[in-house]
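There are two complexes below, and they share chain A, which is joined by chain B in the first and by chain C in the second.
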Partner chain A sequence: MNTETETAVIYRQSPAKLHSFRNWVEPYLYLFPAVLFVGVFLLYPAVYTFYISFTKWDGLNPPQFIGLQNYFQIVKEPVFQTSLRNTLIWVVATLLFPVMLGLMLAVFVNRIPLQGFYKSVFYLPYAISATSGAVIWGFMLSPVGVVNAFLREVGLGGLARSWLIIPPWNTIVMLIAFTWQTTGTNMILFLVGLQSIPTDPIEAAKLDGANAFQIFRHITLPLLKPITTVVITLAVVNSFKVFDLIWVMTQGGPYRSSETLAVTMYRESFVQFRLGFGASIASLLSIIVILFSVVYLRSIFRQES
Partner chain B sequence: MSRKHFSRGMLMLVMTFLVILWMTPLFITFMTALKTQKEAGATLPWQLPQGFALIDNLRWAWSAGKLGQSFVQSMLYAGVGAALAIVFASLAGFALVQLRPSRPFGWFLLIYAGTVFPFQMYLLPLFYLYQTTSLYDTRIGLLLFYTAIAIPFCLFVLRNHFTTISQEIIEAAKIDGLSNFGIYRRIYIPLSVAAISALFLFQFTWIWNDLLFGITLAKSADVRPIMAGLAGLQGIYSSQNTPGVLAGALLASVPTILIFILLGRYLLRGMTLATSGE
Partner chain C sequence: MQRNKVGVKRILLLTIVAAFLIFAFAACTAPAAAPAAQDQGTAAEPAAAPAEVKMLELYHDKASWADNTDIMGQAAAEAIGVGFASVPFPDTTTYQSTVRAALGTDKAPDMFTWWSGYRMEDIVNSGGAEDLSAIWDKYLASGEYTPGIASAYTFDGKVYAVPFNVAYWVVYYNKSLFEENGLQPPTTWDEFMALNDTLLEKGVTPLAMTLDGRWPTFIIFEEMILRTAGPDFYDKLMSGEAKYTDPEVVKAMEVWKGMIEKGYFTDPGISFGTGDNAMLPLFQNGQVAMIPIGDWYSATLTGAGMEPGVDYGAFIMPNENPDLPAALFFETGPLLVSANGPNKEDAIKIADWWMSEPAQKEWSSLMGFTSPNAKAETVNPVSSEVVQWIGDNEAIAVQRYWEATPPDIVETAVDEFARFMLNPDQYMEVLNSIQQKADSVWADR
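For the complex of A and B:
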């Protein structure tokens, strides 16, 4: 604001009008490439997807505006209902396993030596990509894979099954693979949090004879609240976005039984070519994700604007 | 005192168990990638390999499995894409912090809005945009997109970093007659080398690991990025040549694991950055 009036003043007073015009335009020249790239490849597509969600479109002819029909139609489809249910299972399971386990590991690791070693071990599955992780777990869980071989070896052959083909096992085992890959990142974030909380209240409680669990429940956990909020929001947002793992392990199948909204969107758009449906699922997903993101975006930008 | 030792012993025991559990999938994958196809079929997964077929398996994944072409392409996408994104984001960040256009925070939010949507929100229009402009299934098409998607987060980090640069140095530089671009190139960039390196590795890893845009915007073996290639490989060969596919999965992870081993500390810091930004 301030700069605006300043430049205006310079503009009026300076004899060299050209020079002040240059001053005025220069910041926008520096901004231009970033704005151009983001505008063309990210913002325009996002806005256009939202528009398509209100149309009937085959990808060839111009889209026809049909209002909210796609949305009304899609919620009636069994495929969408399964997908929505699976998505909610993913969200809840993400909070139960990668987040809770991550917190537990962080508390443990914080109390024993060799922290660097544990960080590396639990982070390593995340350092290989989601796709590689999915290939590895696909191999572990195939009918002739490691898990079944192990079960037969220890005399539990009756439990062996085609893990990726039978619902609800396909979703359960993918959640295990996801837990394996993402717990480490949560653990590290919680560790950062644990190491930044003051030790005085904990020492005082110890002197008062509180046990480890009481200290955790009544002192550590409340002090950890800011980082817990971040980890939980991130985990929820990311669980809505999971795509690679499911696409490589089951492609959402068999018979679309293990799809989540992110996978359903892709399949409706690029396999079934029902573009309006695809766009409306993407828009629904965006609304959900943005609502959750607001929680922590607000905490990031609290100091600004 | 002994109770304390006891509980610490229990902790170590639990952690050892979890470490073994966590490493088992990687260990067995590695063991299987060491075996020949025949051996993998005839032995239990955790039995030690007789020979050493890893090189052959990697070679198979590289050439017959066509991962080699994707590997080279992804080096280009991730290396050049991350670098270009940093150049554009640093220019924009410099403008917002130093040159002060009107409503700098508004401009920032406009660019940052690019990270808010789930990726599914970009797919359909991008696909049709790429079809009509013949960018579909081209290297330049993927490179442009990867550059774009890395910009918002780079801007977020660099803008934060730039605000920590002391105004005194800049005033001195102005008196010495340095132009704005001179201030950007001689002061802002040299003072941000550490942040830029961490950011580069972080974005390199992200682009390298992308599957979704790789399968949406490309299809040819010599254009599609590494993860799209790996997913294709597993789709075709997972039951025919398990050791080869697993060698492929390891091959595809080599650059990101190297980045993690060499610069783990930076990467973990990058992740903390991401928490506050993505």
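For the complex of A and C:
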């Protein structure tokens, strides 16, 4: 009888403890795969890259610790100045073209019938991989490509040139290709924002006699701020790390004239096998992107609060 | 109902964890290098072989040679009981990174191709390549090979590779175009210049020149040095005894500049042989008359339907200075055995077989290459003529620029040559820039 009582007590306490333990452990189990993935494939490589940036390493022999020498070397390398300048051009141009054009297209598409059709048309280039898109543009822009053939056909042969080997034309045409490919995504994001804006303030403004531009400037644009923040942040981060399109179209050439920081990092690491030096560029690039993101997002949040 | 919900959640949770663990386990236990090749989408299926024959792996970055390499692997299996299958990488950068990362581990490829001379030096210094001197001793003693090629793989008196291919650098010309216009391959520099002028008058661009892919920018530079300053000066320049700012190099650049200004070369944005090949149809159609390149390019020409000796021929660019000896560039791709490879002894057997007369005959026949084995005849009639020219003129074969000088200098130089192609007037800035790099590289060695 006594044994049965004890057993009963244990029987009653056990599910409660188990339940409590399960409640405590269950969320961590859900998180575990993601945390492990991020840890193994993002945090560990990032920390290791930062460590490697203080070494001289060719990938064959053990890394040699050289302190800040790689970072001093970056400043001395003339190619770094070209890369930094090109990267800033990409950042500014990305804000001017894919983002602004995306916003304009979203406003336009939001007002017209057959919205689904236009959304698909403008979004379609994004469905093509960056590498494939770059190959297509490379063919079109080659000296014997369709762009020059068209210019000659319409009597503008004087404008025909080797687009990909003449600076700054090579950077300009790559920016056009990038705009073609990425504008659609920005348009979709802006469309989502536009469609979530309440109609009341717009109707009130109309009743007060505001014209379309005034409504856009003073009502639509401020209400779009959350989505604009996301689009700008993504666009700037993507423009800092743009690589595949440039690598396929020009490999950063000719004579390294179209390299951005991401291309220089790849080239130093995997073509010249200066892995320590490449890691220092990667670290610097990461610091720039993180700094931008923190400063930009903080200022936005501060304004909102 | 509540019990069902908890049950579903539990099952879902367990499924996620189990799936993740399976994935993680698979990722951890997969061979390190093989997935990299498969990611490129071109890793060849191992060639079919009898079940008892051991098949090794041969890594290379020559995807278009993969089928023929597999045929050789099968031939090795039949001849010596150990075969190999190729693991081709379509991208050179990925290939180099993968091999370099694997060499120090027990996942090192059994055999792999690389680049000779200075490009091989760090692989040898890291201990990643096996000493194959014993194989060379045997074939040098039999007279089938000359020591010249071995020198491209020799470090501290040991030979670390066998020749995967040997190529001579020639000027391919459109034979039909020449015949239609009554033109002959030039034998002197004056004839060469006259030929270029005649072609220009006929509306044909004489010579192909490209900066596409970066590396081809050295092609005309090395030819200019060899034709104006000769092989001895070239060797000094490659070893740092001469400078890029020396009068000999300045003169070579001035000759090159003059040829660019006369319109002898194509638009340097037109590619040939790297990435897409926009030059090939222009050459086939007779819009471009000549392509200076390694004779491995014959595979591209024949692949495009051009018949050697009928549609295209080859000559060696004549010397600008007639007092210089006959000379031409050679390039040799080494085949190495990993010192840490899991099947090293079998790989050494294959390397030995690869140098033998039957293997070289087969390889030369498959690829149309000139064989370095004296007993293996060259099948391609155009390549045979080149070999004949070398013998008749007792020509000196000089290692091409890419491997003949330290890679750090070459990487800077090919970019600077591209600058020169687009801005010929900047040749002194270009030479100063290369010399600045050369000074720092030679000072570090």
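Structural remarks
What we mean here is this: the second predicted complex is superposed on the first by the 249 of 305 C-alpha atoms of A that agree within 3 Å, B and C clash if a C-alpha of one lies under 4 Å from a C-alpha of the other, contacts with A are read in each partner's own complex, and residues count from 1 in each chain.
Here is the rule we use: a contact is a pair of C-beta atoms (placed from the backbone, for glycine too) under 8 Å apart; a residue touches a chain by one contact, two chains touch by 3 or more.
Source: prediction; values computed, not measured.
Look at A:Gly138: by the touch rule set out above, it reaches both chain B and chain C. Contacts of A:Ser239 after superposition: neither chain B nor chain C is touched. Residue contacts after overlaying the shared chain place A:Thr82 against neither chain B nor chain C. When the shared chain is aligned, chain B comes close enough to touch A:Ser286, but chain C does not.
Once the two complexes are laid over each other on the shared chain, residue contacts for A:Gly59 go to chain B and to chain C alike. Comparing chain B with chain C, more residues of chain A are touched by B. Once the two complexes are laid over each other on the shared chain, residue contacts for A:Thr220 go to neither chain B nor chain C.
Of the two partner chains, chain C is the only one touched by A:Tyr255; chain B is not.
Look at A:Pro33: by the touch rule set out above, it reaches both chain B and chain C. Look at A:Phe270: by the touch rule set out above, it reaches both chain B and chain C. Contacts of chain A with chain B, set against its contacts with chain C after fitting on chain A, overlap at residues 26, 30, 33, 59, 138-139, 142, 270. Only residues 1, 3-4, 26-28, 30-31, 33-35, 37-38, 40-46, 48-50, 52, 59, 105, 108-109, 111-112, 118-125, 127-132, 135-140, 142, 145-146, 149-150, 153, 180, 185, 188-189, 192, 212, 230-231, 234, 240-241, 243-244, 247-248, 262, 265-266, 269-270, 275, 278-279, 281-283, 285-286, 289-290, 293, 297, 300, 304-305 of chain A touch chain B when the two sit together in their complex. Those residues of chain C lying in contact with chain A across their complex are 13, 16-17, 20, 24, 93, 96-97, 100-101, 103-104, 122-123, 125-126, 128, 211-214, 267-271, 275-276, 278, 282, 407-408, 411, 415-416, 418-419, 421-422.
The touching residues of chain B, when paired with chain A in their complex, are 7-8, 11-12, 14-15, 18-19, 22-23, 25-26, 28-29, 32, 44-46, 87-89, 91-92, 94-96, 99-103, 105, 107, 110-111, 113-114, 116-129, 144-145, 147-149, 151-152, 155, 180, 184, 208-209, 211-212, 215-216, 227, 230-231, 234, 238-239, 242, 245-246, 248-250, 252-253, 256-257, 259-260, 264, 267-268, 271-272, 275-277. Against chain C, in their complex, chain A makes its touches with residues 26, 29-30, 32-33, 36, 58-61, 138-139, 142-144, 162-166, 251, 253-256, 270-273.
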